[in-house]
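What follows are several structures.
Shared between the two complexes below is chain A, which pairs with chain B and chain C, respectively.
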Partner chain A sequence: MNKIKSRQLYLYFLAIAPVGKLVLMPTQLAVYAGNDLLFPAAANIVLQSAVIFFVMLLARRNKSLYALVEARLGSIAGKLVCTLFSLFFLYAALLPLLEQKLMVQSVFYDTLPSTIAFAPFFLLSAYLCAKPLSSLGRAWDVLAPLSIAGFSGIVLLSAGGADFGALKPVFGQGGWGFLRGSAYTMSWFFDSALALSFLGKVEYKAGMAWKSALCYLAGGAAVLLFLALFYGTFAEVSVRQLFAFTKTAKYFSGVAVLGRVDYLFIFALALVMAFYCALPMQASVDCVREAFAPKNRILHNVLAILVNAGLLLGLWLLNFDFLSTSTAIAKTLFWIFPVFTVLLPLILLAFGRDRVQVS
Partner chain B sequence: MKYLTGNSAQDVAALKKLCPAQDVLTFPFAAEGGIAFVALYADAVTDKELLGSLVVRPLLHYTGEADAQEIGKRLAFPECKRERALNALAAELLSGNPVLLAEGVREGLVLGAKKVFVRAVAEPPTDVAIKGPREGFIEDVKVNTALVRKRFKTEELRIEMVEVGRRSKTSVALCYLAGTAKEEVAREVKARLSAIDIDALPDSSYLTHFLAERPRSLLKQVGTTEKPDIFCAKLAEGRVGILADGSPIALTVPYLIIEDFQSSEDYFVPSYRATFTRILRLVALIVAIYLPAFYIAAQLFKLQLLPIKLLLTIAGSIRGIPLSPSLEMLVVLVTLEILNEASIRMPKYVGMALSVVGALVLGETAVSAGFVSTPAIIIIAFSGIGLYAVPNLIEQTSVIRLAMLLVAGSVGTYGIILATAFLLFYLVTAESFSSPIAAPFSPLVRSDLKDAFFKYDLRSLDCRPRAIGSKNKRRLRHE
Partner chain C sequence: MYKFRKFLRALPAKLFLLLALIILFSFFANDFALVDIQKTAIILAAGVDRTEGGFRVTAQIAVPKSGDRTAGGTSGVEIAGEGESVAACFAQIYSKTGWVPKLVFCNLLLLGEETGKEDVLPCLDYFLRNEYMPDSCLVAVCAGEAGEFLSSKSAIDDLSSGAAQSLFSDAAEKSGRVMKCSLKEFTVGYFGASGSSYTPFLRRIAAEGERNAGGGSGGSGGSGAPQGDSVYSAAETAIFQKGRMVAVLPPEETFAFALLKGRVFASAFDVEEAGETVSLSILKNSGKVAFTAKGAPQAELSVTLNVRLAGRDTPATVGEIARSIPSPAVLAAAEDLLQARLTALWERCKSAGCDLLHFARTLQRNAPKQYAQYGKQVLSLTRVSVKARVHAVK
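Entry: the complex of A and B
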């Protein structure tokens, strides 16, 4: 099990990547784009799928990110790029982790949550980071049906209470709302950068690029459907509804009799999210390992522990500063994301194309 | 190495020196032709009737030469071989085969007159089928291999014998179908068996520790069965089977976790029924593992999980219970495990009495005395029954249930989710002889899903499980 199968990659784009967009992003979009929240989300999804298409074109080279850069610019540049991406992945992991932590504390606990309630996540994450990406690929095989079942359950339970008329008037917020919505939610879209970290670890199959992009688009369509349901359910009060996917289904009429049956689906999605949140950290560890000590298992394990311990510490320090931290990541420093998820992958593609012609 | 001298008195003394046990006896007798014979045998393990009728009686009238080959011919004994080395003769003697020495002959005759103690082939108590064959393996490897041979009348069935145990010298039979099983797996199993350096092998379960790639793993890595029909079905799928003398439990590798959700009966009933029972087993197992944990998590951390009416009922029944929910559940669970353990090992005649004590005294009285609540008893009872829906995984699932209970009591619902994630990841990365244990779900093997939780009709199962990696892929040909 050295490489991810193409099927596992498609399942990731189709069913795992979308779950990260169901927690706080819908609320943020409602804040910045109001009833037009679908358009900025769609723009980001289309942009990401386009970049994923180009990145996956490089997969046929069967070379990792480090090997691609090293072949063109030398080992020092390779190490530099990998280190930069490693730091970016750590940075990108911060927001999903913060929102996960808040979600866990408010959704899974009625009683006063312990500050260490979320800490065990880092044990799981360290374990995942210490394993090769192909192991995660196997997990995606099981998680994808779970994610689809969880998402479908939430959608089915929510559908009855949604009034899609709330989405009208279409484009009522104008261009400024669209731009703000697109820019300030870019921090949830770093999938194309993750796709870069998959390079060299995927079993290449013909048509992988467009199939990956198509799967991402299909997953994105599911996110758009959920956004429509979310805004259709809460309309103007959407801006106050945090952890969207845990809220929409609770108005299902059967809840009074059966209890919160939607929790079954929420648990399923939370399980998938645990793996989703660990992926950037895994990518970060992998980038450094590949660039500096590709065969050193001990270093790999030490890095996995260090990265997770560091992020646990960071999360603990930012425990009461979620608002300022998320504002800084999503609003002030949002430009970091297009640099790493659009600009750098496209530059890499240009290098990659050169090499293909030479060979 | 010492050899027979031809002087029977000296040779008997030498053999008695090698086998000083008091149950090694000698029987001297003389033939009509004048040759003096001595039969040596281990008292309890030799078939003396066979020795008398097929060896001693014909030789009493022997008038031929003092030559081992000639004597052997006269005997017309089906299992008779000549041997000169004293050590080899002593080993045969101790394993139950009598040794015949003749005066002036420097070779002994080893006679296959071992007394075989076997119980009748009966239905195994751990694997009962309402429909289907009722034969079960017994403790004799020869009978067990015969049960396998009876089902495969083909030259492709390979049975290779390996001896394991420095002192017990237990015969272990390695069975596989050549051309169907992966040769690498058969080779690897043989290598691992041959590498075992242990003094005795009391049961085949010892072998599982040596065959497993991760011996300390929580997960099973070797399949087990007591039924020859299941064993043969697994061989036909491309697996390698292991039978050990002295054990009715046969082992099979590679092992996939889905095997334990399948029963032989699933193949004898309509596929919709088999699908229903397999899903039922899965649901029972999930409920058995998670129900106590979620009950605690719901009580301690997230009350909304329960419907309001149920919540009120539970609130009423737990009022006045002195223990915390997690401690209460733990106490009930440990009590159940103790009852379970005791009921397996206790003499049958006290079983009824203990059932009354366990069910009535401990259950009823503990509730009425207010030590534990009724929901806790109901949940643990249901969980206890649910685990036995998949009996072959009981060792693993009972530990997982306990772990979930502890996690739920300390970290709550999210702890259960994380523990599940751990378990899931551990499961999907585990392998048994290069076959992923979680197949056909992870990695997804679409063709193998036909015989997973959804069982297709037998005519659709035309290929062997791909996850095992058999060379011969097709098992059913359509006209």
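Entry: the complex of A and C
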């Protein structure tokens, strides 16, 4: 049975998806929305959870993304849509990969390591890409408790040092700050598009749509809690604090006595992030495989290797262009994300509705 | 047999996964944080002084102690670099030693007294931006030059930075005699609406004879500095407005500031009562700065202490030494003393133009419209009252 269980899906939305929003997104939000950083994040979370709700309504059809489009618009349209989503997932994978690479190099190393040090990640991701989604689903069973423990540990260690008064005055940055904050952090919210790639690979259970949306909202609430802690800890200098989740807990008074115990929790979340980064790559490979050769395992493996080799090369080439790359993805081309995570899923939903049978 | 064949089929993939996980672990583990000390300068403290052409950075670099192998420990060597920027200074240190300067263990940033009189952010910016530098690192200003201070010989520690840092322990902070400040706290204050920050002000004192060095005269170059072993004092606090050191709080006002922050516990202070000195031990401290912008801006600085009698400077009878409850007259004298110190603290901040108590920040957070109207003049417009309450622990 190559399908993920509903439990695994809920765990993903609850505990895996939020981890990707704890690295550079808080800093980006602080730059554009200042002390109002919670509102743009909340807007994106609510929007994503609504789209996830609608996408998961399609799950009961037990058809993959390709099958859904093909049934309505024919195989060429199906192939086209899947190719577009595959390219989008590759594009969406870039930012989390860059974040993860820089975070490990900056936090776990005390001087800049060589570029190639990140290459081993692609061995793992190539393996995951060559496997069906159900393999990742089983990993989520293990990773979700790890993520919850790591996040709880960081929150507990950070809470004492945060001055939540820094979040005032509420809505002091005005509508412009809200709009910029929402738009320029959309590149971290592509979970609804990933939910589309889950179609046909999930064991459907009644109430899956609202349960998925609720789990996503719960994970989003955890992100909002962290954002409040982050801004409460760093206030005006939040704009300089990259790799947010690795920074807030180190001011815990016990750290001076025990050493950096927060590294245990950071390590746990970094491990979860490695699997989170591999998911869009896996989704990219899966989209092409389903559309062009669903039974061809060799093609599947070759695609997995090509995607990983391509991204490794991309990361190597962009090694010293992180700032321009992240600006291009998150700011200049931010509109690509709502097209693939909101517009296209809703269009697909409109096309994918059951026809009313008239007898 | 079938199971064995199935196992053999899956073996390459499993071995691949195992290999990937092992290599990935080595990536995360940073070579198990092994440091080649032959190639690395582990900087324990950095002192920054301004020069005519820019900056001089003195790095105290850890070197393994030679000689008595059983004693172990660390000693240090001070290497200075000069340049137009702090980064250029570190580059010079690198070129002088051939050791890669490593700031990950740097726990003290020391600024010279003259350096503090100009905006210190250019001195700190390099450290703030450096991802390998912990921003929990403490910041302090010293009398004279930071380079000289770091090069001085401590009577209590092999390293001057180690001796200075021991003044900033949690216990010292709870005594109310030291107001420590990290790089993060300093910059949060700098960029905040109030634009104010503070750091401990360090002085060198000759270990023998306790001759005061520097004397707060502001002279650089260490005139009057002790030549032999020194001990250090951090009982004073330098206060900053927009990154510029505008005043130094004497020990009494530093103590009042610590009481306002509510951080003091198990400390003692002296009160005069009818010509007799009575020591009171603080068992509980709460402090508050209540600012209100309704009508004319007003602030109340309040401190509440629960105290116990800790000692008298006159002989007492057996019956008297059994009593640990201070008399109402002593409590009243303590309240008067604290009110006087709080008033002195406020007056010094006001005259120096330093919003140390964050009136502007509170105004900005709670009444943005009023902040836009008169936020910049909040220090001169605010009417401040002080209140000290001292209760006896019965």
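The rule we apply is simple: the second predicted complex is superposed on the first by the 350 of 359 C-alpha atoms of A that agree within 3 Å, B and C clash if a C-alpha of one lies under 4 Å from a C-alpha of the other, contacts with A are read in each partner's own complex, and residues count from 1 in each chain.
Quick note on the criterion: contacts are C-beta pairs under 8 Å (C-beta built on N, C-alpha and C of every residue); 3 or more make two chains touch, one makes a residue touch a chain.
This is a predicted model, so every value here is computed, not measured.
Of the two partner chains placed by the overlay, neither chain B nor chain C lies in contact with A:334.
Of the two partner chains placed around the shared chain by superposition, chain C is the only one that A:106 touches, whereas chain B remains out of contact. Contacts of A:237 after superposition on the shared chain: chain C is touched, whereas chain B is not.
With both structures placed on the common chain, the touch criterion links A:168 to chain C but leaves chain B unconnected. When the two complexes are overlaid on their common chain A, residue A:256 makes contact with chain B and with chain C alike. Shared-chain residue A:120: touches chain B and chain C both. In the superposed model, A:292 makes contact with neither chain B nor chain C. Once the two complexes are overlaid on the shared chain, A:204 sits clear of chain B and of chain C alike. Looking at chain A, you'll find residues 104, 108-111, 117-118, 120-121, 123-124, 127, 256, 267, 270-271, 274 touch chain B in one structure and chain C in the other. On chain A, the positions that touch chain C within their shared complex are 104, 106, 108-111, 113, 117-118, 120-121, 123-124, 126-127, 165-166, 168-169, 172, 234-237, 240, 242-243, 250-251, 253, 255-256, 267, 270-271, 274.
Per the touch definition, chain A reaches chain B in the complex via residues 1, 5, 7-8, 104, 108-111, 117-118, 120-121, 123-124, 127-128, 131, 135, 137-139, 141-143, 256-260, 263, 267, 270-271, 274-275.
By the touch criterion given at the top, residues 300-308, 310-311, 411-415, 417-418, 420-422, 424-425, 428-429, 431, 436, 438, 441-444 of chain B touch chain A in their complex. Residues 13, 16-17, 19-21, 23-24, 26-30, 33, 35, 100, 102, 104, 128-129, 131-132, 134, 136, 170, 182, 184, 187-188, 191-192, 364-366, 368 of chain C are the ones that touch chain A when the two sit in their complex.
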